[in-house]
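One structure coming up, written as structure tokens, with questions to follow.
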Amino acid sequence: MDMMESLDLFERTDVVNSLLARYGVKFGIYKNNTFHEQLFPFDAIPRILSVQEFEYLEKGLRQRVDALNLFLWDIYNKKHILRDKVIPEEFIYASSGYLAQCEGIQPPKAIYSHISGIDLVQGKDSEWYILEDNLRVPSGASYPMIARELCRRSSPRTFQAISVADNRAYADLLKRTLEHVNTGGLTVVYTPGRYNAAYFEHSYLAEKMRVPLVTCSDLEVENDRLYFKDYSGKKEQVGAVYRRVSDDFLDPMNFRQDSLIGVPHIFDVYRKGNVALVNAPGNGVADDKGIYYFVPKMIEYYLEQEPILHNAPTYLPYYRQDMEYVLEHFDSLVLKDVAEAGGYGVTFGSSMTAGQKEEFLRLIKSEPRRFIAQEVIDFCDLPILEKGGKVDRKADLRAFVLSGEETVVWKSGLTRFSRNPDSFIVNSSQGGGFKDTWVLNQ
Amino acid sequence: MTGRLRRVRVRYRKGMDTLKTLRFRYDLKIEFSAPVTHHSFTVKCVAQSDERQQILRQDVRILPKEFLSQNQDSFGNSYIFGRTDPEHDLFHVTAEGLARTGAVESTAAGEGYQQGMYLAQTPLTWPGPNLRHLFDVLGRYGRDDTLERSLRFQMGLRERFSYEKGSTGIGTTAEEALAQGHGVCQDYSHILLSLCRQAGIPCRYVVGMLIGEGASHAWVEVLHQGRWYGLDPTNAVRVTDSHIKISHGRDYNDCLINQGVFTGSAAQKQSVSVQVYEEQEKGSDVI
Amino acid sequence: MGVKSVENMDRLFWLGRYSERVYTTLKLYGQKFDSMIEEGTGGYDEFCRSLDIPNVYDSAAEFRRCYPFGADDPNSIYSNLIRAYDNAIELREEIGSDTLSYIQMAVYELKKAAGSNAPMIEFQAILDDILAFWGIVDDMIEDESTRNIIKVGKRVERIDLYGRLGVDRTAMAREVHRLTGRIPRTGLRYQKQVVDRLNELVEQPQLDYPAIVREIERIL
């Protein structure tokens, strides 16, 4: 870090941000029911991971994602983990991410989570903790990818002086991952459309992979297969769909009937094994905040290994002794509603008024499965540039793990930070910014 | 989706000695008030052979169609999906065939730990105060087995719930139906499912056909000693040899007979007619 | 990439048209702006008539504010640029981020010009962006039909505008000839007889401008 001070990258933050604006690096948000595009503020001070640190994370992340993929196959097929009572059944069937429609389906190569976004934080004790697994449609890889491109342009000296693993090959890695499960035909990126929050990412990844970006109107099912409709009326078979449309809206014939962005029968073709849907539908059962508690147990169960990376200390009020602990230490815990995502449904015991607390305790007792409680981790803050100086902010790391022929951890990641000095919430939808994540070559 | 059964010959005993041959015809018409195009559909009206019912012959016709494809859903039901692009104002499905029933009254289930999805309440069966109270009244005593217990729920329901056509809709929950005290076969079934699930008995919703019914019918199957047994709460009987099963699932929504999306603004009118009667020449070779 | 959806063909065509509309009307507006420095008021009515857009402006000041920058005025340069942008943003994977960036920058510049006392300076940057956009389309887009559709969109719009403005025969004939050579190489479904008719029209001694505009509007 000291060495970096002498280089000119930090002075070039504004240049990088103006280049990000030039390339339309934005995310969409809805305010008062109207769509706005917002720039995603970039901070030039990178998160730096040493070779050793990355290797440690890599081992732990591969282990975790491998176990999650085995779990997903097991849950939708044999259910041995339920037979052996490692996870109580009701945590599966009451989870909104569990989709009975996926029972018995064999996704190509038995991969469910091809692209996993695993959120981690580093504590002040320098220990890494897993905060959340995102196995549905995790987004964010495009931001450090393009930021790196623009940083290299803005400050070549920095990259001459410091040897950083190139992260721009993400598109090739992603394409290989998609082609590994392709059942024959085109690979496409399927977006809900331009008014989706992550539309920039959808279009950017399609561009970099050199594959078509499609919406529902470009796809059609006929005779057990999925086709891309060409302007000339020609139909090309599609073998892999990197779909950025959520399960609910994917197919009006199998999920929400009111979906206008779905492709009728796409799920029926997938059921027949004639197309790969990436990620597989039904993954929500494995990244539920309630299931999170059980991931270390899955690693032991399926891989017969000790988990390398740890969860944040978590309590399930479902278990009596955990409930007692939660009631006793309420003020020092953070409480999360399993059904909510994106930083919503997170409350700190210490910040509640007496009335709110009473109400919450009543809720937790009547619906114990709905909540998890976690120790508040003393985050290792990261510096950001502000008004010519540096200030510390909360930050997390979203690591991208791609499961294809083998499980690979991308040598980078999205580091998000909170804008507000007192906030623990780093989601872009709540006003945070991002940093590049560097993995050093030596 | 159903009418009430008035008079029906149903055996109340477990053992069955004679086989029945049932001739069935299922007819579904959807009339559109204006022509529609690009109509994608999924139809779940194909009966399948199992231990309890043998489908000797079945002929399914769907018109109009561009392509048709057939598969099994995650619950094991057979379904047909397809699309028709040209303009049409009528969608017509018929399924006719012959079934043989009466050999046994139950079907084998998979491993118990694989049936958990049938134990979880769904939004349609979720117990509110009325269902919890009814369960307290009916379920909190006795050392009976799961089948006896389910039958007790069925009998208890019969005393507290009456049949009334048109008083509920497809989205009516078990709790809502019970609160108003009357409903149709779908409501009877959802209430029974809710009670059994409160008692920890895995159970599922069944759609099928029944002798003497003019429309499709719904009932319940409960898991007892590794086998599924049919209970027909609307008629307060056990399912033996007069019912032909089409599909099962966690609730009504898993067993929709017809689903469709199309382009065009048209009102839909759906009419279903079902005929099931016992074949006179019992035991003759019908294949 | 080979495969192209109907929607993308359509977007490429309209991206070409709107980029041209912004370019040409901005240049025309620049001339008008210059003459209005001294004249102050008046003259914009004729400007609207020549472009065949309704004169909805109450004063010269309003014209100067709304015609280039009005978000609610469907005929404003701003509205046309946003239409170009709306098409371009959905074509990133087809035309590339670098190509798209010039349209994005033109949008930023136009927003900047709205608050400027000397908007002609920012307008120049917009013209530069559009010229660079056309340049990069030519230079960087590998797919021939992608390139050609944008260019055909641009020609069609230019013939349309020239027809309304009544430019001389040489300029008009040049555009029609360029279109004639390009359009068969797009994969677009177009009216062959319209192209033939346009070629006849530019040969006539007196150019029939309304007929040219009528024809070009039904080319696809």
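First chain written, first letter: the chains are A, B and C, and each begins at residue 1.
Operating definition for what follows: a contact is a pair of C-beta atoms (placed from the backbone, for glycine too) under 8 Å apart; a residue touches a chain by one contact, two chains touch by 3 or more.
Keep in mind that this is a model prediction, so the values were computed, not measured.
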### Summary
Farthest chain from subunit C by C-alpha centroid distance is chain B
### Chain closest to the assembly centre - both centres taken as Cα means
A
### Message
Need the CA-centroid distance for the pair subunit A / subunit C, whole Å please.
### Response
42
### subunit B and subunit C, separation of their C-alpha mean positions in angstrom
62
### Contacting residues of subunit C [partner subunit A, same complex]
1, 3-9, 86, 89-90, 92-93, 96-97, 100-101, 104-105, 108, 187
### Query
Which part of subunit B faces subunit A closely enough to touch in the complex?
40-42, 66-67, 69, 71, 73-75, 81, 83, 111, 113-114, 116-117, 119-120, 249-250, 254, 259, 261
### Summary
In the complex, the residues of subunit A that touch subunit C are 21-24, 186, 189, 194, 199, 203-204, 206-207, 210-215, 217-218, 228-232, 234, 236
#### Entry: Residue ranges of subunit A touching subunit B (in the complex, touch as defined)
78-79, 82-83, 89-90, 92-94, 98, 100-105, 221-224, 252-254, 257, 264-265, 268, 271-272
